[in-house]
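There are two complexes below, and they share chain A, which is joined by chain B in the first and by chain C in the second.
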Partner chain A sequence: MSASSSVSQPHSASPNRVLLALMPAALAALTLLDIASVQPNRIAPGQGLNLWAIMGPAGVLLAMLPLGVCSLAWRATTLRLRWALCLVVLAMIALPLGLAAFCRVFIDPGAPYARVGLAAGFWVLLFVFMLALIEFKASLRLPHGSWWGLGALMLGAWGLSLASGMLDKLALMQEYLGRSDKFIEALLYHSLLVASAVGLSLLMGFALALAMRRWPRLERGINGVLSLIQTIPSLALFGLLLAPLAWLADRYEWLAALGVQGIGAAPALIALVGYSLLPMTRNTFVALGDVDKGVIESARGMGMSPSQIFLQVRLPLALPVMIEGVRITSIQAIGLAAVAALIGAGGLGTFVFQGLGQAAMDLVLLGALPIIAMAVIVDGLLTALAGALRQGVRHD
Partner chain B sequence: MRSDPAILGDSDLLAWRHWAAPLGWFAALGVLLVAMPHLGALFAAIDPEAREPIYRRDPFIDLLANHLLVVAGASSIAIVSGVSAAIMVTRPWGRDFLPLVSQLASIGQTFPPVAVLALAVPWLGFGGLPTVVALVLYGLLPIVRNTLVGIGEVDPSTREAARGMGMSPSQVLWQLELPLAAPVILAGIRTSVTVGIATAAIGSTIGAKTLGDPIIAGIINGNTAYILQGAILIGVLALFIDSVFARLLPSQR
Partner chain C sequence: MTDQVRIALLNVSKRFGDDTAVDGLSLAIAPGELCVLVGTSGCGKSTTLRMINRLIEHSDGQIHIDGQPIREINEQALRRRIGYAIQSTGLFPHWTVARNIGLVPRLLKWPNERIQKRTRELMQLLGLKEAEFAGKYPHQLSGGQAQRVGVARALAADPDILLMDEPFGALDPITREALQNELIRLQARLKKTIVFVTHDMEEAMKLADRIVVMDGGKVVQQGSPQDLLMAPENAFVESLLGGRDRGLKQAGLIPVRDVMHPTGARRQTTAAAVSADDNLRGALSLMLLNRLSSLTVVDERDRTVGTLGVDDIMHRKNLLPAASAKPTNSSANQPASKPAPRSDDGDAPEAKAKVQGVSTDRAEKMSPHQGSEPHHEE
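Up next, the complex of A and B:
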């Protein structure tokens, strides 16, 4: 699967064609598209400003940056690529500072509702720089720690600028500042919903996988039902759960007292667990079955009891693949919990759909960007955890 | 459902008995479409408070056709561009781009489809277009990823042997690499289409006319009957399309 292993190491002095293709795109974004816009209030479309309108002739200097990376990438020796990486990292650090300066200059302090919107040029630039960083990571073999360091540097620059209030005039921040309590609450609630769905499905998936190992005839039936659930689109499953739950809550007061309703967290949690069961059960089942028979034999030879073998040998060896199941499930649940906002389950999706309803695009961003960030972070952490466990298993 | 362990040959693939599940779901979809408007009494019993038990703003058949059009349009663009992109970066002249494209496809797949859908709106406005664009962007990823995996899994010695027999690079691609990778590519297309059907339904919230409309209208008006009608149709549609893929694909495990 690892694609990079099949790449032939390019000759050190040959051009890096990926960077040579990316940087003109960055140049085009800088020169042809609007970078930011000034909006008089929340809903009114802003007036877009391009680099020339923002910086005048000095903007030419900024446009030199992609050209500089290009010239370094033309003969891509390791040293020159490192310099190019420095340029891109510096640009990423300078980006929030530049935005802060823009906010100061272009927003009239006397206009309380005026705000700065980020325009297409900014997003394209950010995207191209991300692609460039991925390319650097593939072609420059730096020690692992240095990538974490560079990442921390770039995220730190953004975090500090946001926390210091320099970027408060950004429309996104204005939306946040207007509802920071609700935002934190939604973030926590979203995480809680995802965590309980993943936790519940971990337990149930484990039980189902054990049952499938014990009674092999169950395997086909369980797999069939779980993949059937997985096939049904989320909106439809939420809808299908809504009616019966509303009916049950109507009929049995104790259910209603428990918080079961047609609308809200109950159908969301049930649907999330339903979707999570297939990847969780499948991965747990495969993981438990994949353990080398020789290892089990030798454990038995050492006089371990069946339950000791299961807890001390089979389970630890199966853990990395099970964590892969947790990873898939969590990412899926983070996205589905956002859809669940439609049926009143709360969470970050609320902002997305509220924003769509009010045509307030920055509110949409306030919901969507943290959802994406959450998914990417969980993905990274669990991948790293599974990797570390695999290493540990190999070294023991 | 997907029970036959054997890889189906061409002649088997066309045998009627293998198409029982897809035909069954297709028939169910047809019956539901025709019968739904006449089930007013039933839905009135389910949701007695509803003022109007049957969703009538658009005929269900129109919603279904539009839903399919959105998914089919987006999927065909995603299939053509995704497979071509993966082919390009596995040729000698495009290999420099392989790590980037492969990384991008796997990072992008962690993005929740709803978020991609929502982000298309500030860029393209409301309506069918942002839905199609979001479906294409998101649908590309599993197709690119699986095509890369499929081509990557072709044994290098097989490729060598084909070259040794005097096959041209394009013959190697069309007669060896793509046929061998086809099941994996098809599995990617299946994932992409499944996500597409679900995301198109959510597209109703940004103004695409799909089977999600009755559900959204039902949620807004507190009309459980509308929600059920939309949910049942989308569910059966998804099961029908999936059963077609289940027939085309050799059993997975």
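Up next, the complex of A and C:
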């Protein structure tokens, strides 16, 4: 494997410019910005601490890390890039451990409300490292499994540190510990809302796409309506749904019994499905229509029945593009579901809006970070799935 | 066998709205015949082909296969007993080569072992190493390999009839020639009834037992390659045949073997040698290139077997290769000389009659030895 990847990289001896640009940013974050802060309680602003204040002269050693990656990236052979990757992965694993040590040293055990806030330097560092990892993934052709392995290693280090209680003094964790039940509930509810919206819109989008293929005249009408929905701002759509749903629930008891009301899950779900329909329908329609004419022609010529052609040829060949639609829709719905918290639909958005109301930024983060993580994970999984299907999968 | 007609088109028309793509076409194709439809794009040749397996339904007239009107056969069942190969190959990109080849047998619900056995046979027949290709996907194949798989798939259920729509049109000249030779070799062995569509007259000359020249949805002329070269019906056919190059093209149909002096008759060696299996066109080219008036003729193992001079080419007694007739595929030209009873009302027999009018019984004389096929069998 190593031989093939080094052979396939004829320009590997030239400098890797992305890494050379990223690492000075990491260095700047480490040296110029505050890494963390110590807050006496939840609301009071904390005291920011930079690397020098935290570690003293020993911090210089840490600052050497981006420089090390830089020097390896200067002549980016496969081997040197691998070493650089090792450094970055190690840094990602060391990050939670370093934070744990910081909590231990700087938080007085006698002050129950004292907590550690994460400052700009930390976030920049995290961001730069993630960009660096993306660059490694693009320029180093490692076997697919090894990326999953490295990802598991880094996530595992964070997960274990969080679970072991070493990071409990982080302000973020303090917010979580105060409402862990609610957090789990919100996470599940958020996922459920997104999953049902995506599932429903997949079914409806598929049906609409089939209808558009069957009756081409419908195409313009359906596209028009779906595009119109897409242009309505999300808050306005929630507002528009409020009155009619409240009226319907008032008028028909069985609807009210189902939980339909002007606010809450019903309008949220309807709005999410509404927004999801356009990308879903359009992708499905294009995917089904884009299958090579010669392939369909020969399938007919070989004597396949229309249903065999659809199920064995057209659908499998359209699947990667359809999954692309599911991916776009899912990511969009994950973000939109956060806004739905405003009309009482629950979910992770609740924390974001609560935090905003209480000026507690760590509570905002408690809602926002899982939303981002969810979007990234769903994106990765569905991209991988589409890629696997595209490569040609045996259907036997 | 001789009176059999495998595919009969009787006064068939196809209209798309106000456009007439095929206009009152009649054609009778005998079992084992390789019939090539030639014409410029839009002449209705492809439409004609696709009407035979009902990918396009004909508007008027009748199409019979083995005497049965195709409208009476379930269209899927009909297509499963007719092989079909197209220019873009139409291989399923998400299936392996082996699975692509086994498509029609699977549709016909053959047992698995039989499908596997048949797939293996076909890959061998088309020179595709099973170990190397069976598990590959179409995007991993070269154009020539993909088309071999396409032909193997068309032959999978051992159909009597093979329809080929410009199958080699997208290939580079060298690969195209290799696959043409392959088809000639396969046809000598399998004796399928093949309807082959192309716009390339060279290809038609090389492959055809019978060429059907089409223009504006009608048959302009039909006959063996020699028929066409000797007496093109009109300027259109002549231009398709290459105009001024006609003489060379005709020479291209005559093997050197038939004209040369066998060694012993005249002993002399020349600077350049031509293969006995080559044709007079190639020999003339060699003469021009080397400024020679005679060539040594060698066999496939480079042994001298004779000589060939310009005089031999000019004064050859046998104007046509038919003189050295071997009665191999005598049924091939039957529909032309003995039209099927029901095809009398079409314009095809008329066209034929005009050709025959030039030299009354030439069709009979020539029929046994057509195209360049016989010497490719050797």
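Here is the rule we use: the second predicted complex is superposed on the first by the 364 of 396 C-alpha atoms of A that agree within 3 Å, B and C clash if a C-alpha of one lies under 4 Å from a C-alpha of the other, contacts with A are read in each partner's own complex, and residues count from 1 in each chain.
Basically, contacts are C-beta pairs under 8 Å (C-beta built on N, C-alpha and C of every residue); 3 or more make two chains touch, one makes a residue touch a chain.
Because the structure is predicted, anything quoted here is derived from the model rather than measured.
Contacts of A:L188 after superposition: neither chain B nor chain C is touched. Shared-chain residue A:L228: touches chain B; no touch with chain C. In the superposition on chain A, contact of A:I134 is made with chain B only, not with chain C. When the two structures are aligned on the shared chain, A:G294 is found in touch with chain C, with no touch to chain B.
Of the two partner chains placed by superposition, only chain C is touched by A:P316; chain B is not. In the superposed three-chain model, the partner touching more residues of chain A is B, compared with the other of chain B and chain C. In the superposition on chain A, A:I331 makes contact with chain B only, not with chain C. In the superposed model, A:I371 makes contact with chain B only, not with chain C. When the two complexes are overlaid on their common chain A, residue A:F353 makes contact with chain B while staying clear of chain C.
Overlap of the chain B and chain C contact sets on chain A: empty, with no shared residue.
Residues of chain A that touch chain B in their complex: 1, 3-4, 6-8, 10, 16-18, 21, 120, 131, 134-135, 137-139, 220, 224, 227-228, 231-240, 242-243, 246, 262, 331, 334-336, 338-339, 342-343, 349, 352-353, 355-356, 359, 361, 364-365, 367-369, 371-372, 375-376, 379. By the touch rule above, chain B contacts chain A in their complex via residues 1, 3, 46-47, 95-100, 102-104, 107, 110-115, 118-119, 121-123, 126, 148-149, 152, 194, 197-198, 201-202, 205-206, 212, 215-216, 218-219, 224, 227-228, 230-232, 234-235, 238-239, 242.
Those residues of chain C that touch chain A in the shared complex are 53, 55, 75-80, 84, 86-96, 99, 103-104, 107, 137, 139, 150, 153, 163. In the complex of the two chains, the chain A residues touching chain C come out as 292, 294-295, 297-305, 308, 313, 316-317, 392-396.
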